[in-house]
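In the part that follows, the structures are each spelled out as structure tokens.
What follows is subunit A paired twice: with subunit B in the first complex and subunit C in the second.
Up next, the complex of A and B:
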């Protein structure tokens, strides 16, 4: 089992402390963006478990994001669930949906799996718009939910502890929890098995790994992560429409995963920062061609960091500290 | 019965388009093992180029030929400048580059020519097929697609350049030892597939109107077509396109209406793939231990 070095522990602690202190210095709008980064980081982490660690390419994780979001909204609006219970509920629902989708996906490989998941990404918005379900889903116009209230209100250093701050901290808490779970999942035997299935499926099978069980289980877990992100997104935005779960959402999650760096847990945060802020940067460079600038920036990112931001940082670290190269501690 | 026949025939016509774009994908896939997601947007851009050439006064066929030539050159250029340096980058990173290209072309089409749909001319508009079952342009699409497929077949089968390209795709190492310039063969493959995409764009534009999103839906069907036919088989892609086109029309007419036609068509395709994972004409993948 890999363990965190003392430096890494300090770094993680400082990062979490800084994130907790963030509301003190930022207005509500920036806080909303920070929540978005955390939410996409969870979703990308889920995708990374499936694609980065296990090598199953999904171009349809936006669908699980949508399932999580709509589960949370429907449970709140029609079953009277308090907002915080929708997170575990959405997690459970998405786990089951992911497992069910992962079973037929076992038969599909590479590009065929990409098509199947892509079809899922296209089908979900269509189903959400479909007339027969619009009683619940609200059809194309979508539905809104109540804003989760803060459990208590007070002022701290002149900053009101309001619902926005609470929502951000709630999201942050779940993010930290899920990142910890993911890291625990991949650092030991299960993580090694997942990577073995990705790199050497036949050898893994020969060593007695039940690839089918691992592959469908990780599909479910991955959907769980992304579904929780979707539910958090529903709570943060408080409004859902089928078009917010357009196939481009799935593609952006994929972009975030690759640009952040595949096959590492913390890289999801970098990927999320990129997909939340890069469109704004592109828009500020050129008002008329934001899409083209975005595309060019993406190509440049890949050009200079083919293994993602995490890969580039890793190389930088090894370059500066050649003595500390990993010696295969496990 | 007439409804059925006309739905099947128009399915064949739109299927021919899917087949052409699918064919363009297969041509890049066989040499690089990657799906070019920007294929559709490149084709849309080419179609806009053709439209511009026609508005400045070039006759249809001259604009057609010029566009195909320009697209070919652009395809070669993209491969040489953008993708060749990334040869050794991880596969997913290259996919992101394709997506970047998708955004660039999509956004550029919109920024240069606007988002309003244009009416695109068809050379056979004045003709009539004498029946209500199939329109003149649909027949024209099928003929052009079949002609193009035949030409490509002859090129790959009977010319030494075609042979070199096949060799470079099948076994790059041995091919380069035999003196084939593998890098350039890949670039030629990109050029050819951009040209094929341009033809598909010019064919489909009179049907769906020319606008920046014209090819987004087509691309997905083309992807499905290529997979159903077998991702490494060019004729398979074409047949797959026709199957997908006909299926799409019949599902839309008889089963669920237009709301869920895309979803149902895709579910059917995936069901086929689960039972026949290599597609109808694809070669079986043999893994080596």
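Up next, the complex of A and C:
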């Protein structure tokens, strides 16, 4: 099992401490943006477990994001669940949905799986609008949920500890927990198995790995991560509609994963920063062609960092510290 | 000589400006500024779908931006530069929340105006109302933005679905007071809102004149049976509130089964290319549709001086925009109305005053059909709420007399 070096531990600790201290220096709406980054990072991490580590290409993870979001909203609005209980509930629901989708997905490889998941991404917004469900889902106009209040209110260094700060810290806590779980999952035997199935499925099978179980399990776990992100998204945005889970969401998650870097846990954070802020940058450059600018920026990113931002950072690190050259990247 | 001329002209211009400015400042009263307003600038926020699934509507934001560029070139409004901060939300509600919060909390806009779409606007409705930030001229027909009780800081521009239903009912009763009416709509919120408005327009005494009320699902393959049932119920007027694809069907079916009812449909289903051509021009004769804007493709406005002026303006300030796209006329009209509100506010640029003025409009717009006005009140919260009716004759829509 790979362990973190002392330097890496310090780096992780500093990053978490900085994230916790962020509310002291940022206004509320920036915290909202920071929460969005963390949420998309969780979703991208989920996708990365499936696609980056296990090689199952999903172009439909927006669907699991939507399932998580609507699970949280419906449990709050119709079953009276307190907001924080909707996170484990959404996790469980999405795990089951992911497993159920993962089983038939075993029969599909490569492009075919991509198409099947893409169909899922296309179907979900339609299903949310379907009138038989609209009593719960609110149909096309969507539904609102109450903003989770801060459990206590006080001022710290002149900064009010309000609902926005609380939501951010709540999201941060869950993000740290899930990143730790993912890192634990991939750094050991399971991680090696997943990678083996991705790179040499025949050899893995020959060595006695039950590829079917691993492949469907990781589908479930991946959906769990993305579903939790969806639930958190519902809590921070407090409004859900089919338009929120358009097929583009799935594409953005995929973009985030590739740009961040595939097959590494922390890379999801970089991918999330890109998908949250790149559209804003593109929009501020040109109003007539934001899509084209976005595309050009994306091509430049991928051209100059073919292994994603994380891969580029890794190369930089190896360049600086030639003695610690290692090929691992988790 | 030349130099002297220029000096005289300059002096004249300075004098003219001074004279013009004098009474203006006198009338404008004491200065009261909300966030985003100052002696030199007024900041307004807008979220728009420049990218994403509804990117074709983005032209609306570009027209408005071009309009205020022109205004600022001419010296702004009451001496203030108007900064319309129009940002892309890709028609995605979470992005709308993010961008709207940025506009309100960081850019400090005075109000949000003319943001695109039902879902995106709904996602920030509670936030803006809680903070008492005007959510003005929402671009959506949903009734949730015109409810003074639940959302006192929201209002819309276009006719709501209820307005559309009410106007259709009034038209049918004007044409045939004893009409036996059939009603057909999509089984969703907008369809139901239209039906509520329709019954309101009929009034309690006439609701019983509805002999057939039916719905269909967006996923249905055909509405054949609904049309046949409406005919069998003996209806001689038909309010056909269906989506474009189904309107084409209903025109064809009604013609083929020989049902000669007064067939009234909506603005959204009045496209010649998407509805009438597929249905067949011969079968579409006599169809009636409600509209409110002068469409640039409508040949009867070819010589309209204000439409000509609009075309010249487009060439100069928004050359890349389509002169055949009615969204560009619409965006220009909304921008003009917004400029009117800001001008009327004078030096009292507070959120309360802007909302008060936006809810007491009574202005003509040369881009509305003759006889229509932009009229609001604290209870009538959609700026355009009446329609004029057109009949399809030959190969074009002909405006009917009031």
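What to note about this one:
FYI, the second predicted complex is superposed on the first by the 326 of 330 C-alpha atoms of A that agree within 3 Å, B and C clash if a C-alpha of one lies under 4 Å from a C-alpha of the other, contacts with A are read in each partner's own complex, and residues count from 1 in each chain.
Definition applied: a contact is a pair of C-beta atoms (placed from the backbone, for glycine too) under 8 Å apart; a residue touches a chain by one contact, two chains touch by 3 or more.
All figures in this text were calculated on a predicted structure; none of them were measured in a lab.
Touch criterion met: A:244 reaches subunit C, while subunit B stays clear of it. In the overlay built on the shared chain, the residue A:131 is in contact with subunit B and with subunit C.
With both structures placed on the common chain, the touch criterion links A:116 to subunit B but leaves subunit C unconnected. In the superposition on chain A, A:288 makes contact with both subunit B and subunit C. In the superposition on chain A, A:107 makes contact with subunit B only, while subunit C stays out of contact range. By the touch criterion stated above, A:4 is placed in contact with neither subunit B nor subunit C. In the superposed model, A:14 makes contact with neither subunit B nor subunit C.
Residue contacts after overlaying the shared chain place A:92 against neither subunit B nor subunit C. In the superposed model, A:262 makes contact with subunit B only, not with subunit C. Put simply, subunit A uses residues 129-131, 288, 290-291, 294 to touch subunit B in one complex and subunit C in the other. Residues of subunit A that touch subunit B in their complex: 51, 57, 104, 107-109, 111-112, 114-116, 118-119, 122-123, 126-127, 129-131, 202, 251, 254-255, 257-259, 262, 288-296, 298-299, 302-303, 306-308.
Per the touch definition, subunit A reaches subunit C in the complex via residues 27-30, 32-33, 36, 129-131, 134, 139-142, 144, 233, 237-244, 246, 248-249, 276, 279-280, 282-284, 287-288, 290-291, 294.
Partner subunit A is touched in their complex by these residues of subunit C: 50-53, 55, 58, 61-62, 65, 86-88, 90-95, 97-99, 101-102, 104-106, 117-120, 122-124, 126, 142, 144, 187-189, 217-219, 320.
Subunit B contributes residues 35, 82, 85-86, 88-90, 92-97, 99-104, 106-108, 110-111, 220, 223-224, 227, 231, 259-260, 262-263, 266-267, 269-270, 273-274, 277, 287, 289 to its touches with subunit A in the complex.
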